[in-house]
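Please go over the structures that come below.
Presented sequentially are two complexes of chain A, the first with chain B as partner and the second with chain C.
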Partner chain A sequence: MDTPRPLYTVPIIAHRLFGQQRYQGFSIEPGFPDDDNPFPRHDRGPGFVVRGTLEADGPPGIDRGVGTWRSWQEIDAMFVADPTVDASDGTTVNDLWASSGIRFELVERIDAQTSSGLARMLPADSRLRDAIIYPLRRPGAINLFLVREIDGSWGYARRSFPVRPDIIPLAVVSDMRTRSTDPTNRWRLSLITLAHELGHVLGLGHVAFNDNVMLGSGTRLSSVDFHLPQIAVCRSRAAFLSGAVAPPARP
Partner chain B sequence: MTPDLPKNDGKAQPFRPSGDGIAALLDAPESDEGVIAEAAFYGADGCETLLELVAPSSNLDLERRARGVFLLGRLHCQDLFKLAPALMQEGVLGIQISLAYALVEIDRAQGEKLLLPLIKDEKADTLLREHAIYAVLAGADRNLRALLAEIVGGSPDRRLRLELMGWLTVDAPDPFQGPDGQSPDDEC
Partner chain C sequence: MDIYVDPATGTDDDAAFRGQVASPYRSLARAAERAAQEELASGLPPGSFLGTIFAAAGTYAPPVEGFPIIVPPSYDLVGAGSERSIIEFTGETRTTADPTPITYWGGEAVYVGRAMRGVTVRARPAPSYTCRGMMGVLVQNDRSTVEDIIVDFDRTMSAPPDERGRYDLSWMLNLFATSIDLVLLSSTFRDGRGRNFGVSLRGCTGMVTRCTFETAGPTFDGDPGGLLVRDITVRGAGSCEVRRHARLEASQIGDITFSVFTNLWVSREGAVVGPGNTVEAINIFAFGDVEIIGNTLSHGFLFQVTGGVRVIDNDIRPWAAHRLLEIEYNPSFSGIPVIERNRFVAPERIGGHYVNPIVVRASADFGGGTSAGGNDFGALFQSPSSVARTTPDGVERWGVIAIDPDEAPISVIRFDDNLWDELYPLDRIESSRFAIITTPTFLSVANPMRAP
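Up next is the complex of A and B:
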């Protein structure tokens, strides 16, 4: 099928979620900067962790040892092809969405911080994680949060509502670092999950077709298609989010 | 682009699982009601399969194992309590955190009994203690909230005190209330 020119470009503000340093003073402890070993059956040998800041009573600093593993280069490569990025195979989320005429564009990059425990793993309780994530959102774009792990899911999303501009659309995607030992598969599963969450933001629910991005009961490497009725739904919301159409007045 | 629609000859279709077994659900993007319903469809056999998949002896990757623990919690699988000591002992933080929430989900009283010693243990991982506190805090009564405030307030773990005391004081806003008018039901 011919790939149509993008009709709508939807802006995305990306947030990398990290922990915050609240340690008193400064210490060097045995261990590793990360809190657990992704390969526990392999001994990593001795290591050390530098904890704390010299300004113990100042505002908390970002603890990059806890939170997403993704670099900005890697996140950019999820939207604009960059085969030089180690984790990437040169495909993007926009390739998956190409048939829809909708393109996503990163317009802002933010390093956000929350409690180190929550940055390590977002809990499944939506009330708790909303209390963390909601205040960090910015209006005027889809807010994408990159987090290390989410309890019980690979991602989640909140829909956009054209008549409710006060509800800021949200997509959250985890790093999925141990999900596959094959880097190409890991990259593609990340893209499919991101495309799936953006589908939710643009109004789609789950389907039972194995070849569809919105498959709800699993994620397959072949789950890469959208069907025409889905595209119609997404375009109607993308028109507002892209700024091409002013949202209707609220009754 | 044309969906391959199932041919039902106009007849209503009974609930039909995706056919890939309960392990395939560990790949589902979210754990929504459809996934939980399908997991429940596999019954006791499904729980047994998941218990094998999440056990320390499993070859499954750590994130899928953590998801398995989460699903066992949602399925209220009591046998997870038997496996809990081995999973805690193994020391993989992601799995331990999922376990803390799952145990409280399955049986609040028994879960609290297991988690309170961990919450009090100053030698335990500070991030795991933080999650164990969140796990028991959701739906905690006034007495438990006061006990948690006492434990955290008296802890030498400065990080834990700074992160949590704001939520544990009696007059603190309930963190389990959504911060704006958006209902958690809107989530997908």
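Up next is the complex of A and C:
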């Protein structure tokens, strides 16, 4: 079956997840306030002194030193080929999805922040991850989060039927720096992981075929195909997410 | 275009005429691929109906059958009846076409397209394989219909179930759906593995009716459009959950003759249990802004209420009980429980802890506030057991209502306008029927009336 031209273009809002800077006007330091020891000759063990207030300098800014290493240029190149990007081999996630008639388009770029510890590694606990990620999402597109590492996986996504107004599709992909040291492999694995998570968003579960993008037991360089029934499922969702088809009226 | 499949006489090839009634496919996976080809070529929008995959009577299993069977969104899958068309998932995906042995890691055995009728989806792990971690059936599309299906586990393939009736090698979930509108009827779900969950409907609207859940606990989580669950039977499931805008009515929840007990959980805004349910659970837990109205509630241990739960017009008659009702304090749940026009009857089987049939540990409105009262406590303190204490008037009776709001910062407890047994003088009822363990901020037992 030939499906060379994209039937549906699905919008993506990309979020780079970073940590946050320290509060400048607030600190917690070891020690004790000078007037706080009624028994100065006794060792009181470790203590701390709070200096300043949280409100002194307003909310902390983004710390881009903690969080994803991906540049916007690199992220753009995941969707539109840009051979000038060092990390890229010139292929895109849309190449992997080409047979489906679905194309993904980056429509917005956001630098988001969370606590620096979580920006270093998202936890395995899905409830904790959701508590971090959910408030950052924006309606009207698939929200893709680029993060440094995820405990226990290279990416994850929420699969839900996207026609309800309260459903905001979500996919998360890690930098995969620890997956492969070879830059070409890492780029390819990043694209396959991204394609896999977008497959979840568009309704697919895992399969056991090594050559399939939705392989459930780890990302492999050979996992690049979709089966026709998978494409049919994805297209039915992409039709809504692209805005080409209006969602059905609520019961 | 309809597509025909017959596991005994069919052939999986690319012949142009393949799939017609006289020349069926052999496997459902191959038929689904053909259906997808038709759907993709049609260019029709989602929700269109293109045809039906007819599954003849027989068993669809590896190595001929391949998984997952993804029926595309514009197609129905119709078997010859749930007892006759059997899809067996063995846990491996080794097929004649691809002999590499693989076991699944998550995923679903069957995706429902537009509708599914008349088939069984059975977990039947081959030796050294497992179906754990797998979903049996995924209902993926809005406006789906699922009718006359069985999703179960071949018990002969496994070690005996654990003490909660769970089979280790069985489905993680027998069926699940998220954020869609669906109708699920006349189906049976048995012998799940997951944490008491056999069927999970989350954020769904529509209707579930005439279904049986046996050691495969259901979660009914609706959305503001409403999910109606009516005329179902839940037996031996570790839990039955009714959440968020789901309404459960005219159903049998729990069965005390069954070897595994069921817990009923009612939680999150808009959940309603009633009217017309018969509940024979081991425990009933209700949290938050939910309603339990017009049921026969028979539990074996606890009926615990937390937050602004409305318990109205129920016959509360445990089969054995530690507590008929416990009002619990939890700062996470705002609101005061409203307990109105219920009939409380002491259980026939009384355990050793049956001392306080009602325990109130937070503010509660049994009458006098929003509640109009009318609770009938006439049969609450009378015990058919010989284990009873003799009261000053020489009548055997059991227990007192314990007032113990030791954690609630403010506790307003009203028992006005209720019906009481006539064994104590009604003017002494406050002192004779209550044990004040922790003094509440306010306690009132005004206008007591004699029970009929």
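Some notes on this structure:
Quick note on the criterion: the second predicted complex is superposed on the first by the 211 of 251 C-alpha atoms of A that agree within 3 Å, B and C clash if a C-alpha of one lies under 4 Å from a C-alpha of the other, contacts with A are read in each partner's own complex, and residues count from 1 in each chain.
One rule holds for everything that comes next: contacts are C-beta pairs under 8 Å (C-beta built on N, C-alpha and C of every residue); 3 or more make two chains touch, one makes a residue touch a chain.
Everything numeric here is computed off the predicted structure, so don't read it as measured data.
Put chain B and chain C next to each other and count what each touches on chain A; the higher total goes to B.
Touch criterion met: A:Ser217 reaches chain B and chain C at once. Of the two partner chains placed around the shared chain by superposition, chain B and chain C are both touched by A:Phe209.
Once the two complexes are laid over each other on the shared chain, residue contacts for A:Pro248 go to chain C alone; chain B is not touched. Once chain A of one complex is fitted onto chain A of the other, the partner contacts of A:Leu228 extend to both chain B and chain C.
By the touch criterion defined above, A:Ser99 reaches chain B but does not reach chain C. Residue contacts after overlaying the shared chain place A:Ser153 against chain B, while chain C stays out of touching range. In the superposition on chain A, A:Met121 makes contact with chain B only, not with chain C. Residue contacts after overlaying the shared chain place A:His196 against chain B, while chain C stays out of touching range.
In the superposition on chain A, contact of A:Ile167 is made with both chain B and chain C. On chain A, the surface patch touched by chain B in one complex and by chain C in the other comprises residues 1, 159, 166-167, 205-209, 216-217, 227-228. Across the complex, chain C is touched by residues 1, 3, 7, 101, 159-161, 163-164, 166-167, 203, 205-210, 214, 216-217, 227-233, 235-237, 239-240, 245, 248, 250-251 of chain A. Those residues of chain C whose C-beta lies close enough to touch chain A in the complex are 32-33, 35-37, 39-41, 43, 45-47, 67-68, 70-74, 93, 98, 100, 102-108, 111, 135, 138, 140-143, 178-181, 203, 205-206, 223, 225-226.
Interface residues of chain A, counted against chain B in their complex, comprise 1, 22-24, 35-38, 40, 60, 66, 99, 115-118, 120-121, 123-128, 130-131, 134-135, 149, 151-159, 166-167, 174, 176-181, 193, 196-197, 200, 205-209, 211-212, 216-220, 225-228.
Listed in rising order, the residues of chain B touching chain A in the complex are 1-4, 17-18, 20, 24-25, 27-32, 34-35, 38, 61-64, 66-67, 70-71, 74, 90-94, 97-98, 101, 125-127, 130-131, 134-135, 138, 158-159, 162-163, 175-182, 184, 186-188.
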